[in-house]
Each structure stands twice: as C-alpha cells, then as structure tokens.
Amino acid sequence: MAEKSTDQLSDADAHLIALDGVGKRYGNIIALSDITMAVDNGRVTCVLGDNGAGKSSLIKILAGLHGHDDGTMRVMGAERHFGSPREALDVGIATVYQDLAVVPLMSVWRNFFLGSELTVGRGPFRRLDVALMKQTAQRELAAMGIDLRDVDQPIGQLSGGERQCVAIARAVHFGAKVLILDEPTAALGVKQSGVVLRYILQARDRGLGVVFITHNPHHAFPVGDRFLLLKRGKSIGYYAKKDITVAELTAQMAGGAELTELAHELEQMN
Amino acid sequence: MAEKSTDQLSDADAHLIALDGVGKRYGNIIALSDITMAVDNGRVTCVLGDNGAGKSSLIKILAGLHGHDDGTMRVMGAERHFGSPREALDVGIATVYQDLAVVPLMSVWRNFFLGSELTVGRGPFRRLDVALMKQTAQRELAAMGIDLRDVDQPIGQLSGGERQCVAIARAVHFGAKVLILDEPTAALGVKQSGVVLRYILQARDRGLGVVFITHNPHHAFPVGDRFLLLKRGKSIGYYAKKDITVAELTAQMAGGAELTELAHELEQMN
Amino acid sequence: SATGGRPQPNSGGGAGSGVTTPRITVAVISHSAPGDTFWDIVRRGAEEAAAKDNINLLYTAQPEGAGQAQLVQQAIDQKVSGIAVTLAKPDAMKTVLANAKAANIPVVAINAGAASAKELGARAFFGADDRIAGEAVGQKLLDGGYARPICVIHEQGNVGLEERCAGVKAKIPATEILYVQGSDMTQVSSTITSKLQATAEADAVIGLGAPYTLTALRAVQATGSKAKIASFDLNADLAQQIKDGKIIFTVDQQPWLQGYLAVEYFWQQLRGGFEMGGGQPVLTGPAIVDQGNVDAVLKFAQEGIR
Amino acid sequence: MSALANAADERVRPRNGLQQFLGRPEIGSVVGAIVVFLFFAAVAPVFLQPASFATVLYGASTIGIMAVGVSLLMIGGEFDLSTGVAVISSALTASLFSWFFVFNVWVGVGLALLVSLGIGMLNGWILTKTKLPSFIVTLATFLMLTGLNLGLTRLVGGSVASPGISDMDGFALAKSIFAATVPIAGVEVQITVFFWIALVAVASWILLRTRVGNWIFAVGGDAAAARAVGVPVAKTKIGLFMGVGFCGWILGMHNLFAFGAVQSGEGVGNEFLYIIAAVIGGCLLTGGYGSAIGGAIGAFIFGMANKGIVYAQWNPDWFKFFLGLMLLLATLVNLVVRRRAERK
Amino acid sequence: MSALANAADERVRPRNGLQQFLGRPEIGSVVGAIVVFLFFAAVAPVFLQPASFATVLYGASTIGIMAVGVSLLMIGGEFDLSTGVAVISSALTASLFSWFFVFNVWVGVGLALLVSLGIGMLNGWILTKTKLPSFIVTLATFLMLTGLNLGLTRLVGGSVASPGISDMDGFALAKSIFAATVPIAGVEVQITVFFWIALVAVASWILLRTRVGNWIFAVGGDAAAARAVGVPVAKTKIGLFMGVGFCGWILGMHNLFAFGAVQSGEGVGNEFLYIIAAVIGGCLLTGGYGSAIGGAIGAFIFGMANKGIVYAQWNPDWFKFFLGLMLLLATLVNLVVRRRAERK
C-alpha cells in the first residue's frame, strides 16, 4: 500500500484514486493526454477548464464509464481498469454526470434508486420497498430545496434544475468513498447551488474524496483544496488553494488577457 | 397599433410581445398562472426564479412550442396563439431552449442551419449550399471561442458546453426581432459566458427585444433592463434596473433569509 | 374502341330453382392462405351448392393447424348444422372433431386427409389425395421421357404442396425441389430463372398452382431453357397455354367439385338421409388435362369453375 | 412533505376519483377492450355464450402467453422476430428427440425447455456482444430456426410434420398438464388461459415490485443512463430474451400435447401477432414504457376481434379489413380516453 | 479556422487515406456485399455468368425499389407495415379499374398512382393527427388493404386474382415501359434495375443535398427538437409516406405488366423484406441515421444471398437457415469494418 505518490500536491501517502499519465481517445479524436492527479480522503479536487477541454472525459474514466487508453489508474492502491460503472460504484465511487444519466420515462423515485434499489422480504418474495424509497427520495430532494409535487411523476417532466437535483441527491446518498460531480450547479438556482456547495463540504468533512467540476470560479474557490486546470485535453496547471487566488483562477480558466478585454467591453457597452 | 400597455414598466407604446394574465397547465399540473410581461425593442428582460418556477414554460409559450391555456398574448400588436415554433420563427423570434433542441446524430453545421437552410440553384436543382453553411457555422462558433475540430462531426459527440454554444450561435444568427435565451450560460466556460453576455448587449443595441433566463444574478444584473421574478408559477416581482441592486436581486431569487444563513454556514465550515 | 376487359353483361342466365328444405347453416373450413386461387374455386363450388340448396354458408380459412382448429370450434359454438373441413393437418383437428361429434354436428372432410377422415369421425370424404396427384404427374412425365424435373413449391412447409412434390419425386427420384416466395411474383420469377441457370440439365418445371406455373413459363421462355412446363390446378390462362402447346399438361383436382359436394352432402342428408360415397372416399381427381382434352375444359376454366 | 402536503399543493389542480381512475395507463386499453366486446356482443349474440367466450379466451391466451414475454422484452427496448418459429422449434425438439431416441416424452420436454432458453440466451448474447440491433439479430435467428425446423424435421422424421408421439410414455401426463381443459360453470376452459393469467401476474410482479423490473424499465428507457448508474444492462437483456424463450416453451408444449404432432413450417408470422398485442396494450416500440397487463389486454382485444368477426358471420373476404378497422378503433378509443383523462 | 487549420489540430490523430475511406458509413455494408459476392462466386461458379448476375440484380431490384422509400421513411423515424400489400393494391387498382370500365390501361395506371400516393398520405395523416405509433397505424392499413385487395377483387372481378388485361388498349405500351428488358452486353437486364438505380440516385440527392433531406434526418433523429427549430414535422412525415407510395406504384405497375394479372393475396410479408434491406444497409430502426445507397446495398446483399443459395444448389430444406446465416455474417462484417475504421 505504500505506493509512491505521483501527485506532487498530495499530502496523503495512499490515494483513493491516482491517475498517472492517463490519456483518452474517441476514435481518432484525442480528448485527453497525459493527465496526472489524485483523489484523497477529505480533499476536494476541482477540475476546471474551457468548454471541450476534456473535463467530462476525465471523470468518465474515474466513474468507469469509459476505459482509459494510456497511462495507469490506481484505485485504493490497486491498478484498475473499470469495465463498467458498476465496478466503480461497488468500490464506493458515486458520480453526477453532466448529462445526468436519468431515464426520462421512469418516475423520480425509481430513478433515484436505480441500480441500488432497496428491498424487503426474502427469496422469491424479495420485493422493492416502495414506501421507503419514495419517502427517502422526497426527503432528500426537499433537503435540497426541491419540493416536488409527486415523486411518482416521470423524471422527464421535471424542469432542468429539478432533474439535476435528483441526480445530485442520488449521488450524495450513495457515495461511500468518492463523490464526483460534473457541473452539478449548471442548471441550479442560487439556493440549490448553495446547498450543493454545502454538500460538497459535508462530504469532505466525512472523509470522502470529492472531484468537483465547474465553470464558476466563485463556486470552485470556496470549496476546493486543489485545482486542476485543463486546456485542449492537456493539464495546464495544478495548484493548491494556498498558491492561487480567485482572480488568478478566473484568469487562468478563461485564458487571461482575453477576459479582461471582454470585461472592459461589457463595461463600455452598458 | 395603439394598444394599451399592460406592462407597467414598459416605456414603449407598442410591444414586440405582450403577455397578459397568461397561464399554462400540463395536464393537472399548473406550471404558470397570471403572468403579465412585455418584450420591447432594445430592452433585455431577465426572467429569474427558483428551479421549477416556470421560466422555461414561459419562454416556450413565447417561442410557440406550447400554447398558453389562459390569458392573451399579443405579438406586434395582433393577438396570437402560435400553433408551432415555425410561426414564431417566421415573425422573427429565435430561441435557445434549455434542452438545446439539437438532433444528436446530425452534424454540427446541419444542426446550425436546421429549419433555415441556405440553398443555391433553382427549381429541381435547388440544393443546399453546403460550403457556405459549413463555413458560416465554423465562423460563428469560432467567434464564441469554440474551436471545433470538424463541423461535420455529429453534434451528439460534442461536449455539453460546445453543444450549448451551437444552439446560441444559431439563435443569434437567425434572431431578427426577438431573441430568447433559456439559461444559455449554464454549461459555458468563463470566456464563453462573457461572449454570450456581449451578444445579448449587441442584440439589444441592434434594437432586438431580448428575454434572458439565468440563475446567475451576476450575469443577469449587468445586462438586464427589467427583471421578472417567478416563484412556483406566479410572478413575485417585476423591477426596472434602477429599482433594484444585485444583492437584492440575489436575495429575492433565493428566498432571502435562507441564503444569508447558507452563506454563513459555508463560511463557518471552511 | 377498347378491347378486352370485362365481358359486357348480357341479360338472361338462369336463376336456380328453389328448394323446399328448411334453411340450415353449413361451415366450410379450409387451410387455405388468403387469396389462393385454388381455394377460390373450392369456395365457389360451395357457394353455388349453398345458393341452390337454401343453405347459409360460412366459409373460413386458416393455414395454421391450431388456428384452423379454433375455427372449427367456433363453428361448433355457432351450432351449425354441418361442418366440412380439410384434414391437411389431421392431428390438429382431432380434438375439435371430437367436440363436434359430442355436439352432434356432422362433419365431412374435403380436399386432403382421406386416410384419417374416417378415424377422425368424418362421415364422408370429397377430394383428391395430393400425393396421388403428384404421382400421377410423375408418371405422366416419366412416360413423356422427362428425367430431371424441378418441382416449384411456393409456400415452404405447406403440407399439400410438399405432398405433391413428394409424389412426383416418388416416381422420378431425380426431381429437384425449389422453394420460392409465393407472396411475390417477381421473386418467384427470378428464383426460377436462377434455378434454371444453375441446372442446365433440367428438362421440366412443375408449378403447383396455375399462377405460379404461368410465371414459371415466362421464366423458362426468358432464359431460353429447353425445359417443358407441367402444372397442378387450372385457370383460364393456363388452359389456354395448354391449348397453345406451351404447357404440356396439368393435373386438375376439380376443386369446384370438392366444395360443391361438401355442401351438397348436408342437403342430401336433409332431403333424404342420403349417404354420398357410401362410406368410401369420393375422389374428385386427379384429372389430367392436356392438349387432347383441353378444349372441353377451356370454356369452364374461363367461367372460373375449373 | 407528506402525501397530504402534496395533495394540497397549489400547483396541482385537484382531480376527482373518476378522473384519477381514468388516468391510469391501462384504463385506455381496458376501455378499448370493453368497446370491442360490447360491439361484438351486439352484432353476434353467439359471442356472449359461455362456450364461445371460452373459445375467444383460448384464442387470446395462445397469443397472450407469448405477449407477456414479448411485452417485457419490448419494455426492455428490444424486439424478437424469432418468437413465432421458436415456439415450433421447442415443440419439434421435444417430439423429435423423444421419438428418435424412444425416450419418455418428459425427457424431450426438459430438453425443449433448455433449447428454448438457449435460443433466448443466444439472441441476447449476440445482441449484447455485437451491439447489432435486435431486429437484425433476431431476424437472423428467425430465418435460421425456420430452416432448422424444416431441415431437421425432414432429416430426423422424414416428413414436414413431426412424427406422432401420442402413444409414447409420459404423453398422457404431459397432455393433462399442458393441454388440459378445466370445466368452469359447465364450460371447458383451456388450461392455456390459466397459464396466461399466471404469467401475467408473475410478470407484473417482476416489473413493478422487483429490482429486475426496475432494471427492465431502465434498460429500455435509456440503456446508457442505466449502465452509468450500475444496472447490469447485458444481463437484463439476456434475461428478457430467456423469458421470451420460457413463454415460447409453454406455448410449444401446449401445441405439441394438444395436437400430438407439429408442422415444421408453422409459426412464421406469429411473432408479429405477439408484438401487435404488446403494442395495442400500450408498450412503446422504442422501449421504457408499458405493462404486462397491457400486453394481455392487447392480446384479448386482438383475440376478440379475430374471433368476433367469425361469430358475426361477416364475409371472410373482408376479414382482414374489419380486423384492421377494429384495431385502429380500439387504439383510438384507448388514446382518446387517455388524453381526456390527462387533460382534466 | 480553415480546413487546413483543422487538419493540423493537435487534438486529432491523423488518418491515412485508406482509414478515412473505410470510415465512411456505407463502406461497411459494401464490404459485407463484397464478401457475400466473393463467397458465392467461389461456391457457385455459375453465379459469375452475366446472365445469372442479371437475374440476381432483378431479384434485388424488386426489393430495392421499395427499400429506397422505406429507407427514407426509416431515417425519418417511421415504419411502414403496409408496403407489401400496398404494392398489390396499386396493381389491382390499375387492372380492376381498366378492366371493369373497359378503359385504356393508362387510365388505370394513373388512378393507381393516385391511390398509392393516397394510401401514403392517409398513413401519414393518421399518424400525425393521432400521434399513434406508426407500427399501429400502418398495421391497421396493412390489414385493411389486405382485406380490400381480396374483397374488392372478388367483388369486381369475381375471382381472387385480377382479370387478365393483356389484350387491352395501352397494355403493350405500358409493358414496354414498366416491364421491359434492356439488352446490355448480350444479357437481358430488367428495367426495374434501372428504375432502382434512378430512385437511389434521386433519393440520395434529396437526402444529402436538399432542405427536405435535412428535415428527414431531423424528424427521425429528434422530432421534438426539429419542431422547435421550425421544421414542418408533419408535412415531412406525410411526404415520406407518399414517397413510399410512389415506389410501391412503380413496383406494382411492374408486377402488373410483367405478369398480366395479380393475385389479390400477394404481397403479404414483403414489407419486412424492405425493412430488412434498409436495416442491413445501416438505417437505424429508431430513425435519424442511414442512407439511400445503404438500403440499396442491403437489398443487393439480400438478393445475392437469396439467389446465390439457389445457384450453389444447396439442400433447399436448409434454404432459410443459410439465408439467416448469410445475413448475420454480412452485418457482422459490416460492423467489424466500421469499428476497426473508427478505432484507428
């Protein structure tokens, strides 16, 4: 277990997940190359970057949705190459995907527990514990500030933000060791975004490793411990919180100079 | 055309679009009731509200995607009840939907021009002007800071933000009189968000009426002229820019007290 | 002015003289596929007998054994006075025929299943064994000196059709069987063509139904093959082609008679308790039609009863 | 957040009991079934006799048994074109095997079960391995099974029909199980009707009350999303195909023991009847939505129309025409009922 | 942002020409077709003779003509089960009408065109009005047309086959158009082959180079999204159904004038051949993806397998088995080629 840390910012000697020189291709499209990072207990790693930088591709590797093409991934010390998201879930990695991974025609509570259903009874009489599941789903959503009319509604009928909240509440509920969130606050209201940030901190405090992807430096900075910056599939910086400020982070994310110019322009137009 | 303005904030005597007491139901679910607002030339109306407040439902009425169930909608003076989005497009209303309305298996450029294809030639030899369309799509996306590998790629393979940029670039390109944007910056990076805000101001300056939906008060405030606040399907406030500050807006959007408490809590946890 | 087309209606034509027996209902249930020309003629015979004998005829058909059995059961539910059924799949009919017996509904068998008719409780049989018809064709071809016929089955797995070819093969073991997709004439045509191209030594093609034989004839003519054409069943066109010497012969089961006799049986029972066939199968074929006797048949074929 | 709080939600218009009842997904097809029933009861009085009704039920059950498996499969987002001939394959396996080796027929019955499940597993396995659409995969199995049925039957038994096995050991017992009739109120009801009901009950239970049921909806609704949250997509799909195989085995055994022999060329085309029943019953062809009871009602509507036209003594030339019209009307009634209920 | 700039994009691995070529969507099925061709050329030398090849082409063309319309419809996200019998309806209309009223056959031919387009329009109209799945709608039309074909033919002509019209005015001319053969290199090639090629060319043009083509992909890929950006979804779908009707008319006229008469029971089941051809050729059953040329290649593969087995003189009992196997292998080759090309 005394694995050498490849992540220069890591203060732990055993990582929950450690990526070393990982690359990913879709056909002849190179989405990621040579990424090194680690996910540690009680740490929030923020992945930041432009649109199409490869953030989602990165977390899909961690979540077991895609295999990586180059480099190595070690999960809790052992080298792994997840064959399916089930394997990732089984080691305690829960993920909120950017496209949410919900089944539109299924009801909210069925989506909430999909793949991890609660059951009662034994043998052939083992059945879904519908009442408990409905209740849990309703409660967890209410805790996020989403007051659903009916958890029996198909999730496809919910508003974009409501749907996103279901996906987040689900991951938070089932995440045992690692929680991965891909732009969870994108469609969320001010209040819900606040709740999600609080969840991230709570998970961190419970000792989970958190990977948080966002475009909003004001969301990333308060909760993140380390910041991985991607650009066009490559890592362009990896900072500990103490080494960077919000302003620098924002500048880095947007390509510096351009943004200042833009802000200036906006100013003038008004 | 000398229609009486039902919108107390409006300074124009003829509106591009005027809603009066509009309501919308999905089956027995009441999504909107009694909404009054107007879209005017050279004004940006921001629609703000919690998740599930009914913002998207409202703009779907303006865009012709759904009919309204109560109240009246007047478009350029005449009472209308759009039968399809085509009718809205034909009077110059272009919309960016929250779910983007792109066809995943079709290429980027085909999606960009879908429904408004450019053609050359006449009669039976009238054909798509493929070269021009590809070129235009690539150029418009580049202007947003999206440097695509290939506009012939199916749009389903793009990253979430790239896809969103296609939908925005398309609407901006075709919006003639009214531009409606439903959470356009949700999936966007810092730079791209800036570009979208600039687009909104440019459209306003060209005399278009703009409806802008967002959860980010920092995006809404700089560009908005009026702010319509929705909660649980009802209007809870309608302000001109001079009557409100960013802080007030944020507080209103999130339900006031709760947010302060949350911010406090976040503070403490760190 | 237009030529051909519908013969202009001419007045006259005898209406059948009425009978005095009370009106009864008789069901004729076959294993025909919808739109089969052969069964159309059977049905016409049955209709003519029914019209003449003051009988309400219920004609239904289902190619699948289980489906046909359910149709028989429905006829029993309807309490008809008699059932005529084809026994192409006797096993499938066993139970329902027992039900008919229990319900005291007389049953006769038609067309196929002479061997099992009695055992299943049918009171009479009107038909021609497909196998015997097939053997007749085989014999006739053998006599004509043909050694390599191709037997074209337009519905794979159809019992009657398979029996016909089996009969031919019993007489001429070198017979080749070709399956074609009967629901599409263009495929029938092109598949026969390809078979002829592959088997240059074939000297006869046997169609198992008039329309298929006519298509086979066209295919043979188009490929320039020397194979001659023989057939089962008849229609006006086919009779004409026999007359013209394009087709050497056909074996006619006289299907009209099968339908007619089946319905007539119940009327005869009603009228005088007659027992047609005297407990023996009444064979309606095979009758061979060739250039020698086609003139006598042609007129009736044009009328649609041969 | 209790149910009470929800009921009082100002964003929901209250519905009365009837509207709520009419809003249930199956009700549309039930109303469709009732309309068809009343129609035939009016035009064909014999339709109402218990004996006739038993015949209708029997006809519906032989479609319905398969419709159960097919509905589940369709909810799971797949399609099976090989069901019609697979039923016959199962029956042929049992009869040819027992006959050739002169075994007790139960040996054949057991083997047939294995073969039926095996065909399903093969379909599912090829599908999940190659990611070809199920239409292609099962079309290929359909063609291959059709060929095997004919070829093997001829090879083993020497004819296009399977040899009769009614005199063999175990036949009587098997017949009394797979092809019995049960007297109810003086009418002999075929046992397939009870198999059908039992299968519908079990399938509904699985679908609505078990984890597997949840997975079935999920793989049909969005296989990628289901996989992302850890649903074993491949296993679920293979299991669904095997379920279809199981239903096919039951029907195959009924066919065999009810008639004692099987025609090797039969079964072709029946696969569509099963799919039709499932679709009439409200299963989405694209997957993710439907119910087992819906498929049963679909089979029942189809069975009623099928038999009712015969009882009504309409000209058989027009049989298909009326059948098509019935079908369209039944589904339209279904649709109208559902829309009205939703609008309220 | 020129093509040059893209080619040099560091996020794209360069592909050589062959890999790019193999990556094209049709190439998979072309390779499948080549494999099937080589296979039969090896096992059945007669397959290579020009005359045999003309026969194969003829067999493929009668499926292929319909496959063109069906492919487009399938790309547009819909399904038509009534195509097989609609072809026959068209032929029957022409022959029964001309025969009954003793008109010039061209009057019948014109009426048949109207009927064919009308059937398509009706299908599309019911579909877009009721929002029922096309499976149900076209199944109902399928059943109704089957009934009408039989019922009307018997009613008008007094028999289940249409009356012969080969001696009527205009027949010879019509035959020389719809059922001609064209000598090419000493081999008589059926005119349907040329109709087929022409239809594929026109359909490809429409699909790839016109606005309507863009709309077809869009309504099939995501009808809701297409509607949202202003595509006339209903009109596009109705148009697609009418296109299928047009193809059916061409094939129906060929059937009529090639054989002089039509049996009213024909056509049932052929609808699946057309769908099969489209699917083998790479059209997605769920819509939004495919090509007209793909459907043509699918028809060609199917036609080759169909006839090749006859040329190879294999035991006809196993015909279907081999056909199924061919089909599976051809699509697997297709798949493997595509995957390998993409992986590179």
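Letters are used for the chains, namely A, B, C, D and E, taken in the order the chains are written, and counting of residues starts over at 1 for each.
The criterion applied here is as follows: a residue touches a chain if its C-beta (ideal position, glycine included) is under 8 Å from a C-beta of that chain, and two chains touch if they have at least 3 such contacts.
The chain list, named the UniProt way, goes like this: A, B = Simple sugar transport system ATP-binding protein; D, E = Xylose transport system permease protein XylH.
What you see is a predicted model, and the numbers here were worked out from it, not measured in a lab.
**Q** Return the chains shared as contacts by chain B and chain E, ordered by label.
**A** Touching chain B and chain E alike, sorted by label: A, D.
**Q** From the C-alpha centres, identify the chain that is farthest from chain D.
**A** Ranked by distance of C-alpha centres from chain D, the top chain is B.
**Q** Comparing A-E against C-E, which pair counts more contacting C-beta pairs?
**A** C-E
**Q** Need the most distant chain from chain E, centre defined as the mean of C-alpha atoms.
**A** A
**Q** Just curious, how far off is chain B from chain A if you go by their C-alpha centres, in Å?
**A** 27
**Q** Using mean CA coordinates as chain centres, what's the gap between chain A and chain C in Å?
**A** Computed from C-alpha means, the inter-chain centre distance equals 73 Å.
**Q** Using Cα averages as centroids, what's the distance between chain A and chain D in whole Å?
**A** Going by mean C-alpha positions, chain A sits 43 Å from chain D.
**Q** Give the residues of chain B touching no fewer than two other chains, as numbers and ranges.
**A** Residue numbers touching two or more other chains: 29, 99, 149.
**Q** Could you list the positions in chain C whose residues touch two or more of the other chains?
**A** Residues 34, 156 of chain C each touch two or more of the other chains.
**Q** Using the touch definition from the top, which residues of chain D touch two or more other chains?
**A** Residues 11-12, 146, 150, 284, 319-320 of chain D touch two or more partner chains.
**Q** Could you run through all the chain pairs that touch each other?
**A** A-B, A-D, A-E, B-D, B-E, C-D, C-E, D-E
**Q** If we count contacts the way the header does, which residues on chain B are in touch with chain D in the complex?
**A** Those in contact with chain D are residues 25, 27-31, 232-233.
**Q** Could you list, by residue number, the parts of chain A that touch chain D in their complex?
**A** Listed in rising order, the residues are 63, 65, 84-86, 89-90, 95, 97, 99-106, 110, 113-117, 119, 126-128, 130, 138-139, 142, 147, 149-150, 170.
**Q** State the interface residues of chain B toward chain A in the complex, per the touch definition above.
**A** Within the complex, chain B contacts chain A at residues 26, 29, 49-53, 56, 98-99, 145-146, 149, 157-162, 164-165, 183, 186-195, 197-198, 201-202, 205, 215-217, 222-223, 250, 253-255, 258-259, 262-263, 265-266, 269-270.
**Q** Please name which positions on chain E make contact with chain C in the complex.
**A** Residues of chain E touching chain C: 44, 46, 49, 51-52, 55-56, 58-59, 62, 84, 98-104, 146, 149-150, 154, 158-161, 163-169, 171, 181, 188, 192, 251, 254-255, 258-270, 273, 306-307, 310-313, 316, 319-320.
**Q** Which of the residues in chain E come into contact with chain A in the complex?
**A** Per the stated touch rule, the residues are 10-15, 19, 342-344.
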